[in-house]
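Listed next: structures, encoded as structure tokens.
Next, two complexes with subunit A in common: one pairs it with subunit B, the other with subunit C.
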Partner chain A sequence: MTTTRFSEVAACQAAAAEGYGAARAAANAGRKVAGFMCSYAPQELFHAAGYLPVRILGREGGATLADEIIQPYACSFARSALDSALANEFDFLRLAVFSHTCDTMQNVADLWRRNRPEMAVIVVSVPTQTEGAPARTFFRRELQRVRQAVEALAGPVADDALWDSIRLYQKHRAAMRRLYEVRRTHPGVISGSEMLAVVTASFFMEKQAHLELITRLADAVAACPEDTPGPRPAVLVAGSVCQNADFIKAIEESGCAVVDDDLCMGSRSFSLPDPPDGDPLESLAEIYLARTPCPAFHKPGFDAAQHMLDRARAAQADGVVFLLTKFCDPWFFDYPYISRTLEAAEMPTLLLEVEQHLPAPAQLRTRVEAFAEMLRGRVASWA
Partner chain B sequence: MKERQSLMTEQERVPIQAYKRMKEIMTTYYGIAKMSEGTDQKIAWITSGGPVEILYAAGIIPIYPENHAAMCGATRIADELCAAAEERGFSRDLCSYARTDFGSIYTKKSPVPGGLPKPDLLVCCNNICDTVTKWYQELQRIFDVPLIYIDAPYQYGDDRPEAIDYVKAQLEAMIQSVGEIVGRPIDRDKLDETLEISERAAALWREIQGMLAHRPAPMNSFDTFIHLAPIVTLRGTELCIEYYELLRDEIRQRIEAGIASVPGETFRLGWDNLAIWYKIKELSEKFAAYKTALVVSTYPEGFCYQAPEHLRDPNDRLRTMAATYMGGYINHGLDYRERDLLRMVKQFHLDGFVMHSNRSCRAYSFGQYELAKALMEKHDIPTLMIEADMNDSRAWSDEQVKTRIEAFIETLAARRN
Partner chain C sequence: MGVKPCFAGVDVGSATTKAVLVDADGAVLAHALLPSGGNLAAAADAVVAKALADAGLARDAIAALISTGYGRENVAGRLKAVTEITCHARGAHALNPGVRAVIDIGGQDSKAIALDAKGMVKKFEMNDKCAAGTGRFLEVMARTLDVDLAAIGPLALTADAPARISSTCTVFAESEVISLLAKGESVPRILAGLCAAITQRVYALASRVGMAPVLMMTGGVAKNSGVVRGIEQAAGMPVVIPEEPQTVGALGAALYARDAAENKNTIQ
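== the complex of A and B ==
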């Protein structure tokens, strides 16, 4: 655990380090806990039904149980989460929620269901194409089905309760976006590792408690004098999950300051717009489809490279580090285009291919060091 | 002497005659498409499970990069093309069809001289995988032409009515968009007619595969991999029907004449997943040497999928079309797959299954270990798992596969006794 000047960050670091401890304790005390696999799960629905939603992550170490039922060319995130499930490490979950995203998760959901028959599994069929009336209509109906499935497990979910949850999540996401915002002007005040701990804690803690922490934290950061990352070049980190905090730490220890991210365990989780009034399911359908898409989706008109370039520039990043999980097809298909576009726009990039269940390899540090040196050279030559 | 003679005839395999006609048809198809490049004739690139009938009704020539990639695999230029894509930053772990396609676009190397004709339009339907989503997004960046995307939600249980409605709504929108692209509305009668031609072709293709249930099998799965090119690329044309009538008649004659695809057929197996295009001949010979016939495969079966009766609406052609385009085996969960594999075991009198664990096809492959386990534990059906890749031969190990096949046949023989 790194030292921090903020007690709120310390609380998040503790929650992130504790992992499922609190959820397990809550479950033992009679609370229903639901695990969700991906940021496309409409957590509001489960929260409104009385569940404590926690994010399903894998862990460091081997996946010998998962190896029995899935090939080694599945990504390490999928294999390690599945392995944890097979090892019964998720026995405190009453429900596992998958969302349809990539080919791997599509089958992992089924493998999980067939091999953990005592646990309820709901797969949310999020439309892959996110634009247009047909997708919205379909997703609204799908959410209706999901609501009925949840109600069958946990009892009726009233519209009022659902709205309360929707508003709470809306506030939480807005507070997270504000924290990301104030961090841009204070990159020396709050590090990338600290931010990752805050994000990770949001997946384990009660939403309200986390909301209070980050609201105070954003105020505290904003109250500090504006600063710069100092002599270290600033980078934006892009990728999907980052279940191993070691990766961000290694990048920072190797000479870069992580000033922003385009991670699914990061800013993308909080990119949903505010929900419009009216029918709650309609509202949920709309915001989940309007969010910054995960690369597994098709959002006509969305330019992933331009989006990343805009984000990197807004954060005054000197470069972009792709932290991609081996065998993550959606990201690796986009990578050549995005990196080419960024490079053409004078935004240098570095590709780090990682395995989520392994510690950061020594070679990762060497490559980040070289990248940091190159970025420093560029910045010096402009001066 | 007599014994030796019978041994000789036993070893002789009689090739399928229709193959020559198919080669002609495919050469003509690609030739005409290539000649149309740069003319007023519009060309669309479309995924293998895409709703092609709308294109035919609009007079657009469909081109299937997947079929083309398989041709590159079978003619053994795929490795080089994959490497060309990798040089441009595409990971070696990505789908080898996509890499082959990108590589062919960059290098213009292809069994079709000069490479595939450029598209005016892209049509992507994710009823076969979500990899095509990313593949076609890249194609759109390369060619800068419209991309029509049809989202067919993956089904874990019975096909959901809201998903079928969703596909129908997208087909309606596609009919509109394609009409705008060609500058005239789609003739709905022509579309209905094309749909009917497609259904007849699919029925013929199903009938032909069904004939392999005959013992000994008149044709094997390695042949069906080759002979599925017309159902993939020409579904919706009369030519497709004409070809499969020819093939069906030949297979019928082979049954009547007692011609076995594998003389002395002893074991019968099913095949799961795509073909291993660069090893079709070798694998066919290898299994035949063990008097083992592969008689059914989930892969060619996928191309005759039609919506089941209870999802068809005679008064709503487009909704029936949507139900069909929800797709079969690979757009369904593992319970569906297990049921379908069992059906094949019974219908085709199988001794076991060969599963091609296809390194670059995650949609098809993940679940195979589980299915193999279920087949053995619940139904006492053995499985041979072959770790390979459909197009990238760099993932192939001759020795490992040879040993596994031998061991598997020994198991089958031991189970017989």
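== the complex of A and C ==
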């Protein structure tokens, strides 16, 4: 655990370190807890139904049980989470929610259902093409089906309750976006490792409690004098699931400042716009489809490379480090195009292929350090 | 004024530890190589002592020392540690300022580096986690085939055509080699096949970085003429091999040590 000057970060570090502990305690005290695998799960629906939604993460250690029923070229995140389920480490969950993003997620959901018959499983189908009225109509209908499935488990969900949850999540995402915003002008005040702890805590904590923490934290960071990364090259980290703090730590220990992220377990989860008034499900359908799309989906007009370049430039990054989970097909199909486009625009990139359960190996460290040296060499004023 | 100062670069590789001493003009005074063994700090000390003895210098003649290689954090007395990627680029540039691409195949990893006219790294790729298709791979195959490591290249070049080896995984390739032997395949053809397998793997890495002339190969495997010829054919350009391909990283580190001592550090 890194030291921090902010008590709010310390609280998040504690929550992140505790992991499912708080959710388990809540479950023991009678609270219904729902686990979700993917940031496309409409958490508001489960929250409104009285569940505490927590994100299902992988963990360190092998996936011996999962390896009996899933091929080794499924990503380590999926294998590890499934292994935890098979080992009955999720006995505090009443419900597991999956989204059909990639085929691996869909099949993990099926394996989960088969092997943990006592746990309810809901799979949310997200349209693969996320733009336009047909996609919204489809997704609204799907959310209606999900709502009915939740209501069958937990009783009726009133529109008012749903709106309360939608507004709470909206406030939370806006607060997270603000924190990201103030961090850009204070890269020496709040580090990438600290931000990762804040994001990870958001997966476990009660939304309202986390909202209060990050609101105070953003104020505290904003009150510090603005600074720069100094002589450290600034990098944006991009990719899918990144829960292993070792990777961000390795990047920072190599002398880079992690100033922003474009991670699924990061800014992507908070990229949903404010919901329009009216029908709550229509509103939910609209904002989930309007977010920065997961590479498993296609959003006409969305250029993944331009998006990354814009983010990197807005963060005044000197380079982009991709933390891609090995065997994550959707990201790896996009990666060559994105990295070539960034490099053509003079934005250097580094690819780190990572696995959840592996600590950062020496070669990874060498690569990160060499990238830092390369970035420092490019900036003449540091020579 | 006493002894003239010298500057040391120490490259602690997985198989071999190398040291290079340069003078204030960057001219090489001495170099030395020793097996890395199990005690990296001791190997680093010993190789520096060996180079100093060759140059007829005492330890206190070293004004600055920079370490590199996978054991770079184990070197005592270092001013700092710099990665082997940056050091190979610097060393290659010093040996031939025209170099724009370096392929380095060492004991347990391989790298491809694109560099600019000043010898700075533009882009690099490194092989993943395991030692497939590296020096270690050739060592194991040499033992399986009972061939001297140094003889692999010359023997491979005598083959009329390479045997088909589909894997650079040391374990899989060893089984393939044993099957080929059982089928009566000739040793030179098998060796040519192994060199071709390494070439394909490394060239895939190199293509991602972009190969432009002048292309230099460094690291122990650059001494293998079979692999070098394969890379030349794949890249469609000649490969420059320095006189001492294994000490290029240490040379780069020594030159950075000289810069650092003169306070014109280009990489911090």
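Note that in this section the second predicted complex is superposed on the first by the 380 of 383 C-alpha atoms of A that agree within 3 Å, B and C clash if a C-alpha of one lies under 4 Å from a C-alpha of the other, contacts with A are read in each partner's own complex, and residues count from 1 in each chain.
Keep in mind that, in the parts below, contacts are C-beta pairs under 8 Å (C-beta built on N, C-alpha and C of every residue); 3 or more make two chains touch, one makes a residue touch a chain.
As the structure is a computational prediction, the values presented were derived from the model and not from experiment.
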Looking at the combined model built on subunit A, do subunit B and subunit C fit side by side or clash?
fit
For the overlaid structures, how many degrees, to the nearest 10, lie between subunit B and subunit C at the C-alpha centre of subunit A?
80
Have a look at where A:Y335 lands relative to subunit B and subunit C in the superposition and call it first, second, both or neither.
first
Is A:Q208 touching anything from subunit B or subunit C once the two structures are fitted on A? First, second, both or neither.
neither
Using the touch definition from the top, say if A:V123 reaches subunit B (first), subunit C (second), both or neither.
first
See if subunit A has more residues touched by subunit B or by subunit C, and give me that chain.
B
Just to be sure I read the superposition right, which of the two partners does A:R114 touch: subunit B = first, subunit C = second, or both, or neither?
first
Let me test your reading of the model: by the given contact rule, A:G132 touches which partner, first (subunit B), second (subunit C), both or neither?
first
Enter the shortest inter-chain Cα distance between subunit B and subunit C once the structures share a common frame, rounded to whole Å.
5
Overlap of the subunit B and subunit C footprints on subunit A, listed as residue numbers
353
In their shared complex, at which residues does subunit A touch subunit C?
231, 343, 348, 353, 361-363, 366-367, 369-370, 373-374, 376-378, 382-383
Given the complex, residues on subunit C that touch subunit A span 70, 82-86, 109, 120-124, 126, 128-129, 264-268
Residue positions on subunit B within touch of subunit A in the complex are 88-91, 93-95, 98, 126, 129-131, 133-135, 137-138, 141, 147, 149, 151, 153-154, 156, 160, 162-163, 165-166, 169-170, 173, 333-335, 357, 359-360, 362-363, 365-370, 373, 387
Hey, which residues of subunit A end up touching subunit B in the complex?
68-71, 73-74, 100-104, 106-111, 113-115, 123, 125, 127-129, 132-135, 137-138, 141-142, 145, 295-298, 300, 326-327, 329-330, 332-337, 339-340, 353
